[in-house]
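Order of writing sets the chain letters: A, B, C, D and E. Residues in each chain are counted from 1.
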Amino acid sequence: MDITTGIGLAAGVIVIATLILMGGDFRMFYDVHAVIIIGGGSLAATLIRFPMVAMLHGLPLGMKFAFTMRSTTSRELVDEIAGLAEIARKQGPVGLEKVETEDAFLAKGIRFVADGYDADFIRDNLERDRDNFLTHLDEGQKIYRAIGDCAPAFGMIGTLIGMVQMFANMTDPSKLGPFMAVALLATLYGALVANLFCLPIADKLHVKLVEEEVNRTLIIDGILMIRESKSPTLVREMLLAYLPESHRHEAAEPVPA
Amino acid sequence: MDITTGIGLAAGVIVIATLILMGGDFRMFYDVHAVIIIGGGSLAATLIRFPMVAMLHGLPLGMKFAFTMRSTTSRELVDEIAGLAEIARKQGPVGLEKVETEDAFLAKGIRFVADGYDADFIRDNLERDRDNFLTHLDEGQKIYRAIGDCAPAFGMIGTLIGMVQMFANMTDPSKLGPFMAVALLATLYGALVANLFCLPIADKLHVKLVEEEVNRTLIIDGILMIRESKSPTLVREMLLAYLPESHRHEAAEPVPA
Amino acid sequence: MDITTGIGLAAGVIVIATLILMGGDFRMFYDVHAVIIIGGGSLAATLIRFPMVAMLHGLPLGMKFAFTMRSTTSRELVDEIAGLAEIARKQGPVGLEKVETEDAFLAKGIRFVADGYDADFIRDNLERDRDNFLTHLDEGQKIYRAIGDCAPAFGMIGTLIGMVQMFANMTDPSKLGPFMAVALLATLYGALVANLFCLPIADKLHVKLVEEEVNRTLIIDGILMIRESKSPTLVREMLLAYLPESHRHEAAEPVPA
Amino acid sequence: MDITTGIGLAAGVIVIATLILMGGDFRMFYDVHAVIIIGGGSLAATLIRFPMVAMLHGLPLGMKFAFTMRSTTSRELVDEIAGLAEIARKQGPVGLEKVETEDAFLAKGIRFVADGYDADFIRDNLERDRDNFLTHLDEGQKIYRAIGDCAPAFGMIGTLIGMVQMFANMTDPSKLGPFMAVALLATLYGALVANLFCLPIADKLHVKLVEEEVNRTLIIDGILMIRESKSPTLVREMLLAYLPESHRHEAAEPVPA
Amino acid sequence: MDITTGIGLAAGVIVIATLILMGGDFRMFYDVHAVIIIGGGSLAATLIRFPMVAMLHGLPLGMKFAFTMRSTTSRELVDEIAGLAEIARKQGPVGLEKVETEDAFLAKGIRFVADGYDADFIRDNLERDRDNFLTHLDEGQKIYRAIGDCAPAFGMIGTLIGMVQMFANMTDPSKLGPFMAVALLATLYGALVANLFCLPIADKLHVKLVEEEVNRTLIIDGILMIRESKSPTLVREMLLAYLPESHRHEAAEPVPA
């Protein structure tokens, strides 16, 4: 569970709710026109922009990954894989059958090794999995960003429609107020959807994308080394060498020489 | 038929129509001044920006390709070409004469092989075709994007012209409303043309451009291998190797080793 | 004559004139303050930005090239140069003396060959000519773009000056209208100068720049090959090989092998 | 102490305070709604955007480094390290034990050498330290920039909320003023937070980041050369060669040959 | 003297003064609040952004170089250096002692040669001079650009402060005008400072920076060749070869072969 995404969203809702309640009630800030134009307009533009398949995969995957977090760092993953290499060395591939692991991608790789699949097949299958996953996560990021980019424009469109209706029907200037309030709601909704939801989510997905690419490539390399019965020490060292600088030292304990 | 482009446009129209009808009628939102400035201004700026030939080819081609979709994925195309190689091997080039295929570009290539044209000629002719096609599709994308970029500016120009006329003739402030409503319509039209139509279309054309470049290059390579009577297995494997990562595994069925 | 630039500008003027006439008369849209701030402000900022020599060359050259068009495509140019190589081969350099050609740059090169100048001198002289020309055309493009970028800012400055004067003198709110109309004219002028004139012209000049670089380099290479009495077929083939992909096939007629 | 950051912030506060006092009192410019939306909204969006660990390290580190300044230039650092090499050469590593230095990073390196740690361990440990430090400083810079980018948007959101409440409750237009004043405060707060605080701080942190990378890498190289008992002259020359052009000559006194 | 910078600034002042005088008097456009927020705010943000030393060197150097112009082009410089090589060859380094030159950087180099300094020392000293100079000119450019970027934001902040005070004190709507006029002055000042002064100056400094880098490097190379008593013809040819394409032909007179 990526707790900051949830806390951030909750904080955003609380801030807005507090402001609204301090100055009146919620009904004043609900307007079905604004919901239709922001939701419908963004949906329409996104449908034109992206292929259907990208939306069906990208939106839910993005939402899921914005809120979940790897329970293990890259560094812990290296330790876990080195541990598996130990088991595979001592008990043979069969020993991996009873191993349980939280990471579904790693679990799949272990099962392949335990079932004795050929190295080429394991590599092909896992790489295809990783590539599909990264493609969909990237699509998710792009879709959230595209919505964040066009929502304020649809907010402005909604406000313009409201203002045209208001001005066209205007006979008594003193009634202008409530109409104006409603017209402004579309702009408000658009700004909130973009700045409090879509753009921060897209930014977080970008971070996750980089992270998952490192971790899944690391798992594939580790699984293949286990398949070839490499020694745990070698597995550990080669995987650490693979990590980018900033990940490598994450949990390393300096030991005096 | 690229169904999401159509659905997206329809959704956009329905959303705007719903909003308008909820607050009055359509006549309030039709203004000939706004149509003239958005249509005429964008046309004028686009005429200055692009050569005539680019507009005549790019605009209709872009419109067509935003709405149509390859019936076959890259992966299915490889299978189809491998099938053709099989036929050419067994029955000779003549066997290709009776083959029917949906893709016009592939069909042209098959006809060339069946008619026994020289490999150099086939390559030159098909590459020229592909390049012309991609150039025109790219021009189409650029034109839609240019219109999407300048339409909001012309909307603002239209609104400014309307406001100047309104303020200049203003004697009774109570009549300001309807004039203001009309002036705002130009801004509204400009925002709709850009955000609901031109910019999403340009984005989709960019995706199509990348896709068509991959597919047409793949077809050219495949046709030339058929011309040289390469074995279907080899054709299949070489074309798969040619595909970019994300396309390669699209439909691959993992088979246990 | 680059007809689309002219048509585009005429269309823009007609669109704006139509809108103005539909709502009143022209006098309402002429304001000497707005002319001074847009013209004077843009001129002042451009003078600070660019060296004097760049402005004197770039502005008129840009204006000229936005409206003129090569009568010959790159492909026709290759044919014409191959024809000249034929003449030079048969009749010697002297035969080129009577040749007439539309392109002034090509004509200069032909005269050099006919007059028997040394190859190094011809190359140096023509390359210097080409580089000077391209530098000035590029300066022209940059100046139009800079004006297009700052004109809206000066429009806003003009409107702010007008509004300050209006508000400062305001005693009777009912007289606010005509003053406001005049103040808005500066913003309108700035938006028109930028979006209907300067930015599209700058975009077209960029296209012309790329085109002229290809053509003039092609002419230099061709002239030097004629100087060395290369065979027309060789000249043709080497120049075609030189053309970028998209230009090469422009007019090529596919001939069955 | 980086005095300009402090002076700049103080100057900003004085300028704003002067303007406010010239036109009334402070109470007019304090609004709890505006504080909530700018503070709360920016916090919420930043929580979604960045992992918790990045915020906990980056924000305080950034704040600290925006206000502190290296007491020594790169050039003086080279002199100091050369001096240490002199001591190490004459008295052996033990001589370094009594050395005192202002720079904590350099001090750590000296202690390692004095304690006789192995070169590999020293390099690993110091490089890890440097990388962690630079990563956190970079995170700090990104967080301040992200807040600077979204604060104006939350200012607009706050103003929109205020205006909706104002228009919705509006019965007497003469009371519009004070409500409008309060609504505008959110936009004002957002603009001040971004332009007077976050964006300039992010820019300064970027400068510091480049500087610290140069200096800490220089210290690591110097410490390792001292560990290997290189001669002070050699240490000095190699470190100077390492410095980027602009740093190298900083304090060099030209001496006639 | 770079005459266009001066003419441009004068033209800008005249344009603004004309507009102001056409609609009233200057007092209407002077407001101490606007001066404080634009001047003070930009100063404060710039102090936070840049180190003190960069501001002390960059601002005056930038101002000086925006208004001054090399009296000699790169091409004339080559001729002058070739002439000096001639003198040095005929009369020995001592002959250079009496030479007078306008360019202070060239003069320094000549003096070094005349005084018989060692080549390494001359190179080191002149390169350090050139690098320091270019660094400061670049800082100047960045500071003017940073001020040009933030001045409009401080203009908006000033206007917001003015509007908050106006609305808060508003009891009689008929008095709104003069207050509004004053509030708008900050936005006007910010736009003028950015668009008529800082951004064009920064653009011109960028051109000067490129020019000075070419010229000073050319002078260093020339001085070193004179030091080594190279022949004037060789000096001339090597320096011309060094010039970038566009500079090389500046004043070259084509001579028939």
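Details
Rule of thumb we're sticking to: a contact is a pair of C-beta atoms (placed from the backbone, for glycine too) under 8 Å apart; a residue touches a chain by one contact, two chains touch by 3 or more.
In this text the structure is predicted, and so the values were computed from the model without any measurement.
Counting the residue numbers used at the interface between subunit C and subunit E, under half appear in both copies, so the two copies meet with largely different residues.
Per the C-alpha superposition, subunit A sits rotated 70 degrees relative to subunit D, a value rounded to a multiple of 5. The centroid of the Cα atoms in subunit B and the matching centroid in subunit D are 47 Å apart. Subunit E has its Cα centroid 29 Å from the Cα centroid of subunit D.
For subunit C, residues touching at least two other chains, in rising order: 173.
Taken together, the touching pairs link the chains into one ring where each has two partners.
Listed in ring order from subunit B, with subunit C immediately after it, the chains are B, C, E, D, A. Residues of subunit C that touch subunit B in their complex: 2-5, 7-9, 11-12, 14-16, 18-20, 22-24, 28-29, 66, 173-174, 176-178, 180-181, 184-185, 187-188, 191-192, 194-196, 199-201, 203-204, 207, 245-246, 249, 252, 254-257. Listing the residues of subunit E that touch subunit D in their complex gives 32-33, 36-37, 40-41, 43-52, 55, 117-118, 120-121, 124-125, 128, 131-132, 135, 146, 150, 153-154, 156-158, 160-171, 173.
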